[in-house]
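Shown below is the structure under consideration.
Labels run A, B, C and D following the written order; every chain starts at residue 1.
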């Protein structure tokens, strides 16, 4: 089978690649339909590594996927051939201490698609555990199915925030993840979400959603916008999605007394935090690492129409044009939120 | 000043009634604009009592109110004359043990409008603590302000449920409170809310909201509808709003493993509960008593457009027609959700 | 291998019984050392069934066990031959929806020792998943290891109560489980635990622990004792361990405003609950079903000396005397808390 | 009345000082018995300010106090003349938004003893709101009553940690607050608390408590000690009480996956935090600001014997020797935990 292979930093091929297709009793064999291009895929392409994860051997890219069941293992009961599905890209050891606790996302044994040395899913077929494959309702498209993975990070952030109905939230950073977080926060009970960035094209895209207010921080500080919107009380929840040192330092000025901060953005190095400022408001700070037990609820929200992710799909490429898709992604056009590759015809 | 007075069981007068209008430093004097008619008001009218609360002396009815500030006490900073407001009808002792804990709704010292011997607010002016008076944004009408009180019970239910984004909820009972709970649950993060009743006119009203699915239990059991909607998993949250013994006995069949039940409906006498059934699912059961710290967030949701309560206002009466309003309320027309009285011209 | 077999209701044999000893890669083979006699074992012995679980075929009894590793499967890393262990008797499907959520105790697929048709552990050797086998520290004896199973129910109750440091708790019922709950609540942060029963010998045993106060309800109502101990505020947490209808009806009078009730006792049939009373205090009600993710923390507390379960072991029988152990257990002597059988020499 | 007055930086007098003794209906007049010397008192003495709080006018020091009721206001019901009490030193606006939420500690309007321009309590009599005065049981001494204030910070830390029974905790820093935190964590359900510092005399004092393990970080890293004690899993809860930048940077190596960090120590300036490290474990970070709703539960734990703070009272001075007490406190002797001044004869 042909796969999109990162041979080494900067070099992609669409070529035959041998992959085992052995279906265990709890596995399903899936025909891949659509795969989204993630910033991490692009980073491996342009840099050859992410932190300690180095591409030493050719690796198939892609981890945001939807598809359809070709074959179900003998012990699989909730899926059958023909079902449309989307897949969690990380496979934990289900009996590890973390998995037993329900936080399988932080199981050190997780094997995650397109994270060296694990192969990704930009290939026509994969074998995957049925337990991490989720049936798509009829009214959820393959394109939506493939964008659930990044949305799941937004959802995990919203879950960990423990939003209360009618909360006012602030989001610093309107990159793809910031947008996903804002939409999850809104769907998750916030009355209003104030999104801040300096990239106006991205702000324009998220501003089209009802309940979102945007702030261009070239003009206005997020803290000022929040103070005005909340009668100087502060935001109930602040989602930090920029990873920027200045945004992180400002957090105590944005959150309300007793409020919550969710750290989603990942600054490469340690950054200064105003601990005394956080203490003065007795803020709670949550951190987010991927997601666990999120796909069901993300699908529920898309199926019910409460969350519409379709406007975030900026362009769709044929599988043959996968390399062009990555080249465009590497351009980082300001109005591109999500590029997808359609693997199946 | 003229007030709507319940002289005794079954006998209402619109007549002069002496009320103190002394404004303390932390009080506001409020011109009442709109007052909703609550089932409890009607019950005092028709029965002369609710449980241990007996109308021994003439009592002004009404506790669901909005209005405008006429005068602010010397220590009041967040309100000024002319501000439009809605009011919490219960006034706790703010330094009681319960109030210090943030659960001022369960302070035994609470004085609640139109609960003997406390007077209600169907009168042109009241004095109220500023701390329990909430400014209405420009885009929230007096009518909406006056319906926040019953919506607050829905919101309290949703808060105590600790909804997670994308939950599937079930509501048994589509009376006024059941409807309020369903809308709060939806705004509070549920992907879908399944509402069950046997009164089709009320089901039709709530069914008009997106995200609501209705079940007429004359035809279908709620447990069956939930099983079908959730692939036999059960509802993440079940709000029991009927107070009916049969609905309460069925709860373990509706809730999912590890799920939550919120008891909102108030059965007069003790009712049988299937404790072993609840244990088998290790359900958590929350109970609700009025609300605390809810008005701000209810106003946020109405102001942002996430919750639209206007379709629930079935009719509005002039203050002069207050008695007619109560007579109609006592009829319990199946398509009446909320009747309101406009006190101000 | 000889095993203690319940042939049918009322008939026990200590006889050879064929059991598969195939050790999978994630399994361990364990030499059983000590097994406690549980009320459920005795109930199968005396009644032949518990609810829907009927002993149709000969079944080995016993599920409260400790032992030592004889052989570890090829993929097992945290245990090796010679390690002393105790075991969770319930084995879930680790990739079920409930298990993924961390609540593997409510996975409908759980296979539980000595629950028809699953065999128990009163036999010299068993094969068990390593993930549900827990290493015992040197200072925790096999006898203590085997009593961790009932203590785990107390711990699960204490965890679900979300005790805050310095809480005052009440426990209705001082049977084996009530005692375990009281000790777990005390170790888990309660300042004081008030235990109520009418069986004075059991009250005497638990009264010997510091921090425990006992009430014989033949003389004094639990509600009165709690009111006195808490200045009429009520107990922060009430653990209902009796399953008695009268105790369940009284719960609203015992719990404080905003407090917590944990339903541990299992009344066979639905029982009347004073829902309005619970609502007036806005109580939260938790239910308990076995335990999940508890063994590690139970072992921690025993190893650190904070919990001493040794006084609760009323007598120890040799494996050869297993039938005598069950006969004594069936007598239900008031001063017997836990009988154990030592399987290994 | 004579009071201990900080005239200006470095200059203390024991001299007459005029203080209003007007008792409002909700107030009590209290004869001060014992007052502890806090690090903040000493810092005002030696530096004349703490951050933005500058001693511009003569100020009475002291805020850790116990005493006895001399007179109760007309509306006070839970206290009467002769009752022994301890007092919360911070008085919030009870109807502020924060107070209504139950987090009165973060009410910006709090007036806190011995924080400019509010006078402290090193004076024979004070008037205080009854709501923030707590009755001491007979078996709790005035000395213990006066040490509840610093212990309350430990308790607030333990409450916010949401300890589960059997947790393993780590505490970095064994100053007075670190010790209070360690004891609160232990009483609050931890099986074991590992305390790290480089000051051996303080480690020796806390090491005398059962359940405490100490690590001198001159020899061993806290992360190593925790890894060894937890089989490389990490601590369930890490209480950071040192405020030291190096300890804060190390936090991700100490906490377990899904674990909790509580930031108690107050670094003067922003300090670098390893956010990606925290995310990799999906840690939750709580911050602490004083305490709210803690005194009742702290008193419960002392009264029940679960917490013994008496060994932490290093020396007691007569009121006449108050200045000597402050001079000794300023020496910061390594074996001094808490110095107290007995105001009443």
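Keep this in mind: a residue touches a chain if its C-beta (ideal position, glycine included) is under 8 Å from a C-beta of that chain, and two chains touch if they have at least 3 such contacts.
Not measured: the values here are computed from a predicted model.
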Quiz prompt | Set of chains whose contacts include both chain D and chain C | solution = A, B
Exercise. By the contact definition above, name the pair with the higher C-beta contact count: B-C or A-C.
Key: B-C
Quiz item: Roughly how far is chain A from chain C, going centre to centre by Cα mean, in whole Å?
Solution: 42
Quiz item: What is the distance in Å between the mean C-alpha positions of chain B and chain C?
Solution: 42
Quiz prompt | Shared-contact residues (touching 2 or more other chains) in chain B | solution = 101, 103, 296
Quiz item: Tell me, which parts of chain D touch chain A in their complex?
Solution: 97-98, 101, 103, 105-108, 160, 233, 248-249, 257-258, 263, 266-276, 278-289
Quiz item: What residues on chain C touch chain A, complex-wise?
Solution: 26, 94-97, 99-104, 129-131, 292-293, 296
Quiz item: Hey, which residues of chain B end up touching chain A in the complex?
Solution: 78, 155, 158-159, 162-168, 184, 187-189, 191-192, 210-211, 231, 296-301, 303-306
